[in-house]
Each structure stands twice: as structure tokens, then as C-alpha cells.
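Each structure below appears as C-alpha cells.
Both of the next two complexes hold subunit A, though its partner changes from subunit B to subunit C.
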Partner chain A sequence: MSLKDKLVSAYFAFEDNLEGNSPIHKMRNKAMKRFEEKGFPTKKEEAWKYTSLNSVIKHDYSIFPTREHNVELKDVRKFFLHDIDTFKIVFVDGIYSSFLSETTHDNMDICLLSAALSKPKYSAVIEAYFNKIAQKDSITSLNTAFAKEGAYIYIPRNKEVEKPIEIINFATGNESALMMQPRNLIVVGENAHVQIIERHQSLTENPVFTNSVTEIFAEKRAFVDYYKVQNDKPNASLLDSTFINQDTESNCAVHTFSLGGKLTRNNLHFYQTGNHCESTLKGISILNNKQHVDHHTLVKHQAPHCVSHQDYKGLYGGASTGVFNGKVFVEKQAQKINAYQQNDNILIDDKATINAKPQLEIFADDVKCSHGCTIGQFDEDALFYLRSRGIGKKEAQALLMYAFANTVLESVKIPELKRRINKLLATKIGVSIGFNV
Partner chain B sequence: MSKFTEDDLKKDLENKEYEYGFYTNIESDTFPIGLNEDIVRAISKKKEEPEWMTQWRLEAFKYWKQMQEPDWANVNYEKPDFQKISYYSAPSKKPKYDSLDEVDPELLDTFKRLGISIDEQKKLAGVAVDIVMDSVSVATTFKKTLAEKGIIFCSISEAIREYPELVKKYLGTVVPQQDNFYAALNSAVFSDGSFCYIPKGVRCPMELSTYFRINQAGTGQFERTLVIADEDSYVSYLEGCTAPSRDENQLHAAVVELIALDGAEIKYSTVQNWYPGNKEGKGGVYNFVTKRGICHKNSKISWTQVETGSAVTWKYPSCILKGDNSVGEFYSIAVTNNYQQADTGTKMIHLGKNTKSTIISKGISAGKSQNSYRGLVQIHSRAHNARNFSQCDSLLMGNKCGAHTFPYIEAKNKSAHIEHEATTSKIGEDQIFYCNQRGIDTEKAIALIVNGFSKEVLNKLPMEFAVEAQKLLEISLEGSVG
Partner chain C sequence: MLQVKNLHASVQDKEILKGINLTINPGEVHAIMGPNGSGKSTLSSVIAGKDTYQTTKGEVLFENKNINDLDPEERAHKGIFLSFQYPVEIPGVSVTNFIKTAINETRKAKGEEPMPASEMLKLIKEKADLLEIDRKFLLRSLNEGFSGGEKKRNEIFQMAMLQPKLAILDETDSGLDIDALKIVANGVNKLKNKDNAVLVITHYQRLLDYIVPDFVHVLIEGKIVKSGGKELAHELEEKGYDWIKEELV
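Coming up: the complex of A and B.
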């Protein structure tokens, strides 16, 4: 039985335990129908031209974990940014772990989507925001159909969240192969500030397949700073779709660090619906072996006087494949836009491949849009300079890699996270260079 | 005579098509509409082609029947009905007009501004010309010089008859019959085209151009061009002309194949200014062209194109850089105005070591037009030290038009160096102000700025062409600023 058939039949069982005949249920049915029609995307689709899911969907995943699993804090502590200095929403095999989490309802809601979907006091927010900007493509629809658990974050107006929020999904691997479909809804009110770190972490060598969808709404002058840390085990695959709706004068930034995992696909969509918005999309990919990362970004400028800034860096070793597909779309009424897109790549090994497709679609004339894309190697002169000063070849290369990735790192606003990422980069590159960059 | 306006011309053209549809046998040279195996055979017979050629065409037709018309391009148009086209009509011997006075004065005005000589004007407008015309004798002299050098330059039907080994060896090697929908169609039904062979070590002393070929049999809508540059030879080939061509064919599906053997260099320049349709976007030519060249060792192919006409353009002149140290270049200006749509760009396929490619594409969109650049740069795993530089700039005039960039970059070799940059902008108000201040009116100022914008490409055109192309840009964009 193919994974698609399995999902379709699993849906009928799943449906019976649901909220009855609510609008959400109708939404699920519709979404399931769309998935049934389209199935998993194939390479024939333009958007999936360079990414094949065949190697991922061939496994026999269990769609619902059979029982609850516990993990010890000591085993997973290293994946947390802080013990106490962050809010945490932690899921183990897709099930909320209250033991590991630190949530709050104090003046804001940092809690669970399952609660938000079922309790009437949240119904107004759910009705206004849930599944409103998520695309209607097949994998997002699949997530919508099964969306049950995930983070629910609601920050009311003028609230500045004092510490970062971590959303962490663990997979214990007690099942032989597990598929998870977390769904996050984040609403940031007027003038509110929030910093969020999202992480998917497998604790096993068994195959894990995550199909995650996140919807973020930034109201007027809201400030959202979002980090995705993707440093998973070699048998874990992730499809991540994030949709961000920005109102007037809001500022949203998403940093994606793709350092591990078997196959990672990031669909990152920004919709600027108000004037004077600012969007930042940055990413670093460092891959090895047979890893595959596909960054698929879209910035849709629908209102005038907005700015968007994209900067993606890739270092590809082994037989890894990197894909960058960035699209800037400027609608007719969106005058005075300043859109910038940069994608730089270095191929380290002979078998590595990079496919880039930076696109511009522009319908307004008074705009400044540019994109640049480069593929190259280390600067021989720079390497020589460093080596002539007694720095070993590997170290010199590592230094240059740091320099290369630094434009993305420097805008990370959480110092502890920056330190961690730096360390991760160093281990990834395989050297310790004896000083902090 | 009352003024012959664009609409009259359109009506004229419409009526003509109508005529076409129901007329079959007034001149025995026009075939009935529709396409089937018999028509393909008949075309081949008409051309007195040998059996292998007929088979080749039939094979192409077989592929074509199984193919779908592509719809991935960023253009919208009503798909032509391929069974409503007459696939062969020899050029009418009867001139359209008896003297220049009958020709659309607007057209003549354009000729004048482009600086085209009276004789040429007559030819281009389809006026009956005197038999002792300058260019006829020029053509003969040309032919003599070429023959001395051993250069073969003739129509492709002639080449099929006279030089079958050459044609057999190279035809369809770069653009195979099954390459794409339009290439297959062209392979099955091509009416004529040109053939050019430059022998080893010969530098072609003049620009080979379609200018003087116009005297010979017209090429019709399914043109096939094959240019072969043997080892260490050089040729510069010009196609099309700057003069507005009022062709009544709706669909043009041409195929151009270039073969640059070791050390050879081919420079292929195109200026296309077909009927773009009227201001409301009615009518106009669909231009679906497949152009591709293959570079062997140390060779070079350079495409230069200025696209200002046609309602829909679908064209990607490409280079396959097969040999080591080969070089591919692509310089393009695409101007769209009113309701024109252009989806154009290039493919650079790097297979050999130390191959280099350069892409400079300038898109200018005005009115309600859509202008897309679509390009592919592919570095294969064995193409060590491949180098590519691409630059795509778009200029937008008004907020009703669109400019799009779809570059595909695929690198499979770690020693590849690829740079791609694209910008979109409009003409700066300060630039126009600067010109105005110095007594240059806005229209002229825009022409000046657009020329500056496209200079990198214009510079690559052969000299006499460049001058005309520059004026052509000016004319194409006339009235687009308001």
C-alpha cells in the first residue's frame, strides 16, 4: 500500500474521533479531497522539479504513534537553548509533553493547538486565522486534514514577550518509521514583539518524516523574529511550509539553518498586505553525504513602500544537492518596492550539485528589484594569504566558510542561539579554530 | 488615395486569410489546408527531394502527432489550429503594388527613418521592381566571391539536391526532429530556408545576410536554416531585417541549426520586426523559433538578437558547449509594447572543459506587454573550470506591463564559476530631468536612455545593422511614454 493510500484510509479512522460537524471538520474534508486528487508532488511539477520525494515516501510510516513515549530531560537537554530562560512547547512523537514544556497563559497564550481547536474561548481567533493563508497545495492540504497538534501562540497588542519561545518536535523512534504532521498557528498583535525558535529533532536512526505547516500573522507594527534550526539525523526528512502574513509596518525575519537531515524542503511564503512592511529571509545550508535541501521562497509584494531582503548561502559537500528557488512577485499596485535577493553557493566536492532558480515577476514600474546568484569556489588568493601566514589548509578553508556564512549569522538577534549556531557550523566544517567568530 | 491605416491593413490581412482558407487551386502552388502524411509527401515532392529526405520529414511528422503544444511559457495566446493552415504556398510572383505610391505611407515613413534605400524599400513592401536592380547585380558579385572561397550559400532545398552528403550529415543533429513541438512541425513541413557551409580555414569575407537573398525564393513561414562552419573558419550571418515586415502568416515556426567545428566561429545576428498586432492586441505574428548551435573544440558561437516585433515570441537561441575551450555568447534586446508578449532567453549547456558562456539580456516592456527572460545554465559533471556570467536587466515603462525573470542554474561540477545578476527598474526621473534641462525633449531623452541601456548588446551587432537597430528601438517605443 502506498503512503498516499495509507493516509487516505487513515483519515477515515481519524475523522471519527474529531470535533464533529464543525467548520474545521469541513475544512479537513476539503483538504483531504485535494490531497487525494493531487497526491504527493512529483518532479513533473515545476515547483518540485529538483526535489523527488520518492526516497522518503517509500517507507511504511505509522501515521499515529501507538502509545506515548517519554524521554528523559538529560537526554534532550542539549537541544534546548536554555533550561529556564525560554518558553518551551515540546512534542514527543507528535504528542505534547507537559513534563518538558513551559507554557503560559499569563496575558498571552503560548500553548497547544489541540486546546485552541477544541476550547470555545479560542474559537474567535481560530475562526479568524486558522488555515487562512496556508496554500492549497497537496502537502499543506495533507497537513490541514490531519492537523491536530502543534504550537498555538497568541500575543496580544503591545506585549513584548520577555524570552524566546522554543517549539521542539522530538521523534523517539520507538516506532519503526514515523510520520508527524505538526501544525503551528502564531498570531502577533499590534506592536507586539516575539522571538521563536523551531526545531525538529529525531532521537533515532529510524526514518522520520515530518510534514509541518506554520501560519504566522503579524499585525500592525508587529515584530516577529523566527529561527528554524534543522540539524536532524540522516534518516529524518522534513517538509516545512511556513506562511507569513504581514500587516502595515510590521517586521518579520526568518532564518533557516539547514545543517542536517536526509531531505529538507522549506516552503517559505511572505505576503505583504500592508504598507511599509519589512521582510527578511536568510538561510545557511551546509550539507554533506547524500543530503538534499530545497529552499523555496516567495515574497509577494501586494502593498507599496515595502522592503524585502533575501540572503541564502550554501556550502555543498559530498554528493549533496542544494536547491534554491526564490521568487519575488510585485503586484501592480505595489509601487516603491525595494526587493533584494542574493544566493551564493560553494561546491566543495565533485559529486555535489546545486540548482538555483531565482525569479522575479514584476508588474509595477517604480520599483527597485535585483537578484544575484553565484556558484563558485574558495578564493585562491585568500587561501594563499591565510596559508602564507601559517594557517593550515583546513583551518583557512574553515575561516573562509565562516566569512562566507557570516552575512546571515550576523543578523541573528539571540546571542545564545548565535553562539550555538557558530559551534554547530564549526563541527559541521570539522575544525576547531580556537577563537569565536 | 485615402490613407491606408493599420486597421485597413488588418482587414486586408483578415480577408486574405479568408481567401486562403477556401482557395485551393488558383495557383497550383498552394496546397489545401490541413496537415497529414500526404501533405508532407507532397511538399517533399514539390521540392524534388530525394527519398531519404521524404522519410526524414515523415518521421518528424510521426513525432509531431504524438506531441503536445507546450504551455509552460509565460505567454497567453489563442492556440493556432494546425489543421487550418496551408502548409505550402510558393511566394506569389505577382507584386502586391505597382508603385511605391500605393504603399502605406506610414510604412514608407518608417523605411525612411530607418534609412533604407528606395530599391530596398520597394522590395520590402512588395512593390514590383525593375529587373536591373542594384542588389541583383550585387548579389551576383557576392556569389562569385563566395564561390571562389569555396563557400556554399544557397537555399536549403538546393542544398538537399546539390550537397546531400553535407545535409544528411548535419541536418537534425543539433535540433532533432523530436526536440519539441514546433521543431517537429518545422522538420515535417519546412518550405525553405538557407544553407551555408564555410570550408576549412576560410574566413567569410562578408556578412552573409538575408538581405540579398530576398530576391530568391521567399522563405515562407516554416524556415529552416543550417550553418556549418568547418574547422578554423569564420562566418557572420545576419537574419531578418529592421524594416517592418507585413507578413500575413500568423504562425512562424523556424528552426536554426549552427555547427561550429573545431576552432570555428559563428556569429549569428537577428533583427526581428514582424507585425506585432494593432494597439488593441489584435492580430500579429506568433513567432515560435528553435535556435541552437553546437560548439566543438575551441570554437565559438555568438547569438545576437533584437526582438521588437511579433505578438508572441517564444525563442531560446542556445549553445551546446561540447568541445573543450569552447565559448558561447548570447546578447539580446527584447522590446515589447502594447499587447506584445515575449518569452525569450537562452540555454548554455556546458559539457566540455574550460567552456565559457556570457549572457546579456535586456528587456524593455511598455504599454500592456509582458516580457520574460527564461534561461538555463547547466554545468555538467565533467565540465571542469566552466565559467558563466549572466546579466538580465529589465526596464519597465508604466505600471500596466510586466517584466519577469526565470533563470535556471544547475551546477554539477565544483570548479564551476557562475554569476547571475538581474535588475528591474524604471527610467529615472532625474535622468529625464537632466536631459530636459539640456533641451532634449522627453521622447528623445527616453530614446537616449534606452539606447544607453541596450548599448552592450547593440555594440555586438554588425555596424550597419546597429545603426538601424538603434533607430528601430526608438520607433518601437514611440508613444509609450505619457
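Coming up: the complex of A and C.
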């Protein structure tokens, strides 16, 4: 049975446990119908031209883990940024782990989507925001149909969350192959500030397939600083779709660090609906072996006087593949916006490939849009400079790779995260020299 | 220490060095002057091992061994240092981390243990003080956004840290203000001893008032066409290069 067929029949069973004819239930039915019609995307679709899911969807995944699994804190502690200095929402094989989580807080909601979907207290927010900006493409629809668990974060107006929130999804490997579909809803109220770190972490060599969807709403003057740490095991694949809606004068940044995993697809959409907002999209991909990372970004400028800034760096070794497709869409009314996009890539090995494509569609006349894309090897002068100081060729290359990737780190605002990523980069690149930034 | 014998070097089939002869002994200071584009930086790069240039004829000996086939890092390990005319910006790597790496890679190549952290710190402090470099400056990314003068001073800081046998200073004076020039020259002089040597490349006699050369060479169109003592630099400052070119024809 194909994964699609399996999902379709699993949905019937899942649906039986849902309460009657609620609006959410209807939403799910519609979403499932869309998935049934379209199925998993194939290379025939323009947006999936360079990314084939065949090697991912061939496994026989458990869709709902049969029992709860526990992991020991000592085994996963290293994946947490801090023991106490962060809030944590932790899921193990898709199920909330209250033991590993740390959500004690006042006057804001850092809790679970399952609770938000079922308790009347949250219904107004759910009605106003849930599935309002998620796209209707097949994988997002699939997630919507099954959306059951994930982080629900509601930061009321004027609240500055005092520490970062970590959302971590562990896969234990107790299932021989596991599919998970976390669904996050994040609403950041007027003038509220929040920092969030999202991580999908398999603890096993077994195949893991995650189809994650996150909706983020930044109200007026809200400040959202979001980090995605993608350093998963070689047999874990991730489809990550993130949709961000920005109201007037809000500021949202998403940094994506793609270092591990087998196949990763990032769909990152920003919708600027209010004036004077600022969007930042940055990413580093460092790949080797047969890893595949596909960044599809969309910035939709729908309002005037906004800024968007994209900076993606890629280092491709082995027989890895990178894809960058950055779309900037400027609607007619979005005058005086400034959209900047830069994508720089270095191919380390002959067998590595990168497919990079900027896509600009501009319907306003008074705008500043720029994009640049480079694909290159190492800068010979820089290499010579380092080598003339006694640094060997391999180390000099590593140092340059590190320096190349490092510029994306500049804007990371959580010092401990910066330190960690820095170390991950150095390890991945194979720089043996002790860096401390 | 260094012997350059009938050195010819080309880039993309264009010959730039056309038979250079130069001998530098321990304890000596040599200066090379010459018009723009005459090949001064090319000569420095070839001695330091840049493989963009092909040595088509002749050889470079360092401590009596032919180094034509050595990589830049191997030459550095032997004690050759080049202060770049245009130091390269390396964002994301701090000066301190860079110099630590350079020192320890050199020690590794010689089969030595890495320098203990405390010793490294002491050395950094000592050399930074010598060149009047603010310690905060050393935490910045290598050359990124440095002013012209800061870049040059940083080159000499690296030289002071690495303590080479032969230091080639390619237009280290350009971009330095008068005070900085004195500080840098003073740094170079303090590091100078009877066992090491310096080759300075400059357009201006002024630097040579501070770093006093034993020999001055004039490089024109890929050849050393005249050599003399330090008074030659004065003469060049006064009269330019035309009279030498005239002498040649």
C-alpha cells in the first residue's frame, strides 16, 4: 500500500474520533480531499522540480504511534539550549512530554494545540487564526487534515517573553518507521516580543518523516525572532512549511540552519499585510554525502514602506544537492518597499549540485528590489593569504567555508544559540581549530 | 638566506618577472623600489609561493634549498612571511583566532605541541603593546572593515607573532599616517636581529628613514636594473625613475 493510500485510510479512523460537525472537522475533511486529489508532490510540479519525495515516501511509516514512549532526560539534554533559561515544549514521537517540557509562566499561553483545539477558552483565537494563512497545497493540506498536536503559543499585547521558547520534536525509533505531523500556531500580540527555537530531532537510525506546518501571526509592532535548527539524523526527512503574517510595523526574522537530515524542504512564506514591516529570512545549508535541502521562500509585499531581507548561504560537498528558490512578489499597492535577496553558494565537490533561482514579480512602480546569486569555488587570494601564514590548504579552505557561512550568524540574537550553531558549523565543516566567538 | 637566481615568472603566458637576481643574507635589510606595475608584488608573491604565477625559469633558494615546488604554507613554516599590499578580508574569523591558528598550524607542521593558552595570551599582549594595538581590535573579524592603516598595522602584528626569518613587507607604509608609520617601523626594528632579514617594498623614501636598508634595488619591467646603498633611495625620491630608464637605453 502506498503511503498516500495508507494516509487516506488512516484518516477515516482518525476522523471517527473527532467530534461531529465542528468547523475544524469540516476544514479537515476539505483538506484531506485536497490531498487525496493531489497526492504527494512530484517533480512534474514546477515547485518540486528538483526535489523528489520518492525515497522518503517509500517507507511503511506508523502514522499514529501505538504507545507512549519515554526518553531519559540525560539522553536528550544536549539538544536543549538551556536547562532553565528557556521555556520548552517537547514532543516525543508526536506526543507531548510534560516530563521534558518546561512551560511555567504567567499571563501568556505556551501550551498545546490539542488543548487549544478542544477547550472553549481558546476557541475565539482558533477561530480567528487557525489555518487562516496555511496554504492549500497538498502537504500542508495533509497536515491540516491530521493536525492534532503541536505548540500553541499566544503572547498577549505588550508582553516581552523573558526567555526563548524551544519547540522540540523527538523521534525515538521505537517505531520501525515513523511519520509525524506537528502543527504549530503562534500568535504574537501587539507590541509583544518573542524568541522561538524549533528543532526536529530523531534519536534513531530508523526512517523518520516529519511534515510540519507552522502558522505565525505578528500583530502590530510585534517582534518575532525565530530559529530553525535542522541537524537531524541521516535517515530523517523534513517537510517544513511556515507561514507568517505580519501586521503594521511588525518585525519578523527566521534563521534556518540546515546541516543534517536526509531530505529537507523548507517552504517559508511571509505575508506583509501592514505598512512599515520588516522581514528577515536567512539560512545556512552545509551538506555532504547525499543530503538534499530545498529552500523555497516567498515574500509577499502587500503593503507599502516595508522591507524584506533574504540572505541564504550554501556549502555543498559530496554528492549533495541544494535548491534555492526565492520568490518576491510585490503587489500594486506595495509602493516604496525595499526587497533584498542574496543567495551565495560554494560547491566543494564536483558531484555536488545547486539549483538556484530568484523569482521577482513586481506590480508596483516605486520600489527597490535587488537580488544576487553566486555559485563559486574558493577565493584564491583569500586562500593564499591564509596559507602564507602557515595554515594548510585543507584548514584554510575550512576556515574560509566557516567564514563564508558565518555572516548569517551575525544576526542571531540568542548568544548561547549562536555559540552552539557556531560549534555545529565548525564540526560539520571539519575545522579542528578551537573557535570561540 | 634567500637567493633568487635568474627568476622568470609569468601569469597567463604574460611574462612579468624577466630574470631577477637577488641575494639576502641574515641580518640584512633590503629595499626594492620601482614604478607601478614593474613586478614588485609579483616577486613577493612568487617568493611566498602563490601558484597563480608560473616560474618558467630560474630558482628561489631559501637557506640553500630550492623552494620552487613548496606550497605557501610550507614556506611559511620555514620562516618566510609576506605582509600583503592588499590584505584580504575574512569575515567571521577574528584576528586572535586567526593568529592562534596560524601559530599552532606552524607548530604542528614542525611536530611541536600547540602553544599553551597562557603563553599565547602573553605573546599576544606583548606584541599588541609593541604595535600599540587595542586589544578590542583583535576581536574583530580579520581585516573586515579595517582602515587602510589598520590593515597594515595588523599585518605587522602577525609578523611579530610569527617571528619569521625573512619578512617581505609589500608597501606596508602605504595607508599609514605619520605616527603609525613610526610605530610600525619601530616594531619592525625591534624584531630585527642578526639572524633574520627584511625585504621592504616601498614607493617612498620616508619609510627608509625609519627602517634603514643596507641595499636598495630598483625594479623596472621585471628586472632589477640598479642596486645601491640607502642613498639610492634619496636619489630616486628626488629624480624619479626616468634617469635610470635613460641610462638603460
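For the reader, a short list of remarks on this structure follows.
Basically, the second predicted complex is superposed on the first by the 433 of 437 C-alpha atoms of A that agree within 3 Å, B and C clash if a C-alpha of one lies under 4 Å from a C-alpha of the other, contacts with A are read in each partner's own complex, and residues count from 1 in each chain.
Throughout what follows, contacts are C-beta pairs under 8 Å (C-beta built on N, C-alpha and C of every residue); 3 or more make two chains touch, one makes a residue touch a chain.
Given the structure is predicted, the values throughout are model-derived calculations rather than measurements.
After superposition onto subunit A, partners subunit B and subunit C are found to sit side by side with no clash.
Residue contacts after overlaying the shared chain place A:159 against neither subunit B nor subunit C. Of the two partner chains placed by the overlay, neither subunit B nor subunit C lies in contact with A:309. In the superposition on chain A, contact of A:389 is made with subunit C only, not with subunit B. Contacts of A:380 after superposition on the shared chain: subunit C is touched, whereas subunit B is not.
Contact with subunit B, but none with subunit C, is seen for A:347 once the two complexes are overlaid on the shared chain.
By the touch criterion defined above, A:371 reaches subunit B but does not reach subunit C.
Looking at the shared chain after the overlay, A:30 reaches neither subunit B nor subunit C.
The gap separating subunit B from subunit C in the superposed three-chain model is 14 Å, by closest C-alpha atoms.
The part of subunit A that touches subunit B in the complex is made up of residues 46, 332, 335, 345, 347-377. Of all the residues in subunit A, the ones that touch subunit C in their complex are 379-382, 384-393, 395-396, 399-400, 402-407, 409, 433, 435-437. Taken in their complex, subunit B has these residues touching subunit A: 72, 379, 381, 394, 396-426.
Listing the residues of subunit C that touch subunit A in their complex gives 45, 48-52, 71-73, 75-77, 81-82, 84, 87-88, 90-94, 97-106, 109, 141, 158, 162.
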